[in-house]
Amino acid sequence: MTRPYVSIEAVTRAYPGHVVFRDLWFGISRGEFVCLVGHSGCGKTTVLNILAGLDQPDNGGVIVDGQEISGPSLDRAVIFQGHALMPWMTAEQNVAFALSCRHRDWGKAKLRAAAREALEKVGLGHAADRKPSMLSGGMKQRVGIARALALNPKMLLMDEPFSALDALTRGALQDEVARLVAEAQQTAFMITHDVDEAILLADRILLMTNGPDARCAEVVVNTLPKPRDRANLHRLPGYHALRDHILEFLLTRSRTLAGTRPAEWDPRRPPEVFPAGPPTTIPAAA
Amino acid sequence: MQRQVPFWQSALLAALLLAVCLGAWEVSGGNGGTGATVVDPEYAALVGQAAQSGGQTPFPKPSQIGARLWELLRDPFYIRGTNDQGIGVQIAYSLLRVALGFGLAALVAIPLGFLIGMSPLLSGALNPFIQILRPVSPLAWMPLALFTIKDSTISAIFVIFICSLWPMLLNTAFGVSSVRREWLNVARTLEAGTWKTAFRVILPAAAPTILTGMRISIGIAWLVIVAAEMLVGGTGIGYWVWNQWNNLSLADIVIAILLIGLVGLLLDRLLGAVARLVAWQE
Amino acid sequence: MLRAVIPSGPVRRALLGRFGAATLTAAVGSFFPLAHAREAMAQAAGAPEKKDLKIGFIPITCATPIIMAHPMGFYARAGLNVEVIRTAGWAVIRDKCIAGEYDAAHMLAPMPVAMSLGVGVAQPIPWAVAAIENINGQAITLANKHKDKRNPKDWKGFRFAVPFDFSMHNYLLRHYLAEAGLDPDRDVQIRAVPPPEMVANLRADNIDGFLGPDPFNQRAVFDGIGFIHLLTRELWDGHPCCAFAVPRSMLTEAPNTFAALLRAIIDATAFAQKPENRREVAAAISAQNYLNQPETVVTQVLTGTYADGLGQVQRVPDRIGFAPFPWPSMAMWILTQMKRWGQVQRDLDYAQVAQQVFLSLDAGKVMKEAGQAVPANPLRIETIMGKSFDPANPAPWTERSVRAG
């Protein structure tokens, strides 16, 4: 069985007296967008931190493009929940800083030009010389997105990137991310508790039970046709079934399934479901 | 919620208060005395004005101080011999010593503070020493310095160094250790490396705190130099104060206090301007 | 040779009787580099080895010769470029001398003695008195409120200030109090206070009086704070006060410089001694660069026509005197007092130490060249408060209560 592009294998994270999650297995194919959905305390951020290399698992490991990871890397760019921009640098300087880490030999002019380009891609060319204190929440997050994408990473990791924004801005940014990711054919992994967001963006959605000792109960395959946009999403057939399934999980099953490990559940291959209907395209090799 | 008061209002009130205080001082009488008025004119010619009427030479009045101030500021940079130089020259000497002592202290405190801020082990190990040495008065360091270093100029600079070191050290350590974890994570995910992270993330993030430490330190350094110069003398504003003290010339001492305060204010403002340059808002 | 070092017949014979010629010669020779000294004296006519010198002084009238030699050109005439540096206190002068920052300095006469013995310093440092700066010139000043308490017997519980522990002021005050039946260590408090602070302390009622140098006694009168109770001239007429001190190494390493410097000082001293010059000297040294005092205060001290703080104008022309000869007998008295008050514990050969520290030979030679009278016998009998001090028999003066007649 060939490994997926990104493969999480047997990952466990535990503290004395408290297991966050145990024996986690899943894979992400190249160009695929995977979402992790669950309640707080199920270890979502921990999974992301482990993927980013900011945290070390107590067991198991992560293999990206055939190599096991050990620590953070430019190949796995992160978009943080709270934009994490350096307030003493302008938007352009923030992106240029990231680029200078990736391309150590580039000159100042080249870095500036590339930074400006990245900002224009997210529609912030006009605000390039502003410091973060003069940008709105949405704009700041867009800079964060520009910074991550400018690095051309193997994988994009997003930790509830829009949860700190108001509903309107959130919507706009979700559309934007969908477009950018599709354009670049970016492999992406996102954590969210917003169901609509997951349905809009993700190819597969992992459902985590409540902690402690959380597990990936199910993998929901999103068979809604792409490209998707928020305006027309709810009209697609299968949308409501998909949404209800995930909602139901979040409201009830995440709790009832918590802590249990039924005999027929294999951590290496959590069950795949297709609430939106059978796949219309051949799914990527598992 | 305080309302905004126009600048001229508070300035006017301050000026009024000053005028009232100075006026009261000027007209206040009494020069404490126990003796009788002197009759013999030859005797009267030999003693000071106050002693002639049985009193003691009083604390000078604002008008006298003002006159003396004008006299000093008219020609501040004269040099009429080793022991007699203008007040501008004396202040320049003191500032030079402060610059050297403070500069040295900054060169040691900021890198060391950086290390302490980044390493909990180092922080725990050095903390007891820092806490014990910090409260030691400059006047206690002076004899030790003179005994070992012997040269009085270098001793004065050493005393400034050792006293202005601590605020910068502690503030730098604090600033560095409280850099937002988020930014450090960003730097990690960007594989920035130790040096790049230190100079482009930690340093700018901690800069406002470091500069606060520097502002405190410069105040201490200026305070210490006056004390140190009074002890070892030679040149400098502290030595000038001691010299006027020899001459029981209180007007000069009051003037020295004013000038010392003024220079201290200017030094603080200078660093304040630098602090504004490195300040950042979220 | 021994005769040259110890001219006094009785003393020399007494010492010879005790130690024998060979021992005595060896002992004296080991401390007093006679060979060097004679050579130094012989070739003193050469050019100074070091022309640029730094001399520290304390701004009191005792330092008059050292100070006036600067504006009145005595140093220049001797071929030297001297910078006189006003210093913050006696301890600082001592430290700067030890560190080598000063080539020579104004010191209290007992200071070189103490330093050479290793008292009050980390280890013995050989400094010597090349010339005495001034004789007399001090006074006991009391606060105005004690105008009616002129008898020292009434001074129990008083707080006094002196400039330094190793000073003529301290010894004279203690002797004065002892003669009045008081115990200086138990019945009164004696503190070391820098002279400028004495007047301020008197004003603030921190001390009841002080035995200190001028011009601060006169300054207290000038500012209406105190009155002059007694001039030290009346305690011991001709007592030494301050000295012009040099490191003993200067004698061997820079003998020409030493000779030139001594010449300048002795000339200045002679000039200052003449009454007709006193006003001119006062005007020269009261400037801001030197004493920084009102000219009338300094003039009153130097001319001896002064206001005493009690409404009278006194006329004492030799209130302060300038006689440079460093009498070894003075040194011996200082040593007995150090023993008397417990500053020195061990037994000393007073004559030997006195000869090492008070360079009467060199001063005598230069004075002769300058045409001044040189005493034939460097050990003379001193009269202090009516009692005589005979250097041949110093023992009585080491007792706390002096028995000498």
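Order of writing sets the chain letters: A, B and C. Residues in each chain are counted from 1.
Going forward, a contact is a pair of C-beta atoms (placed from the backbone, for glycine too) under 8 Å apart; a residue touches a chain by one contact, two chains touch by 3 or more.
Just so you know, these numbers come straight off a predicted model, no measurement behind them.
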Touch-based graph of the chains, sorted into line, ring, star, complete or other: line
Chain nearest the global centroid, as defined over all protein CA atoms shown: B
CA centroid of chain B to CA centroid of chain C, Å: 39
Interchain centroid distance [CA atoms averaged], chain A/chain B, Å: 56
For chain A paired with chain C, centre-to-centre distance based on mean C-alpha positions, whole Å: 91
Of all residues in chain B, those that touch chain A in their complex: 182-183, 185-186, 188-192, 196, 200-201, 204-205, 207, 278, 280-282
Sites on chain A touched by chain B in the complex: 52-54, 71-74, 76-78, 80, 82, 84, 86-89, 97-98, 101-102, 131-133, 151
Interfacial residue positions of chain B with respect to chain C in the complex: 33-35, 38-40, 42-43, 46-48, 50-51, 54-57, 80-84, 146-147, 150-152, 230-234, 239, 242-243, 245-248
Chain C to chain B touching residues, read off their complex: 59, 83-88, 92, 95-96, 98-101, 144-145, 196-197, 199-200, 203, 219, 221-225, 287-290, 292-294, 296, 300, 305-307, 311-313
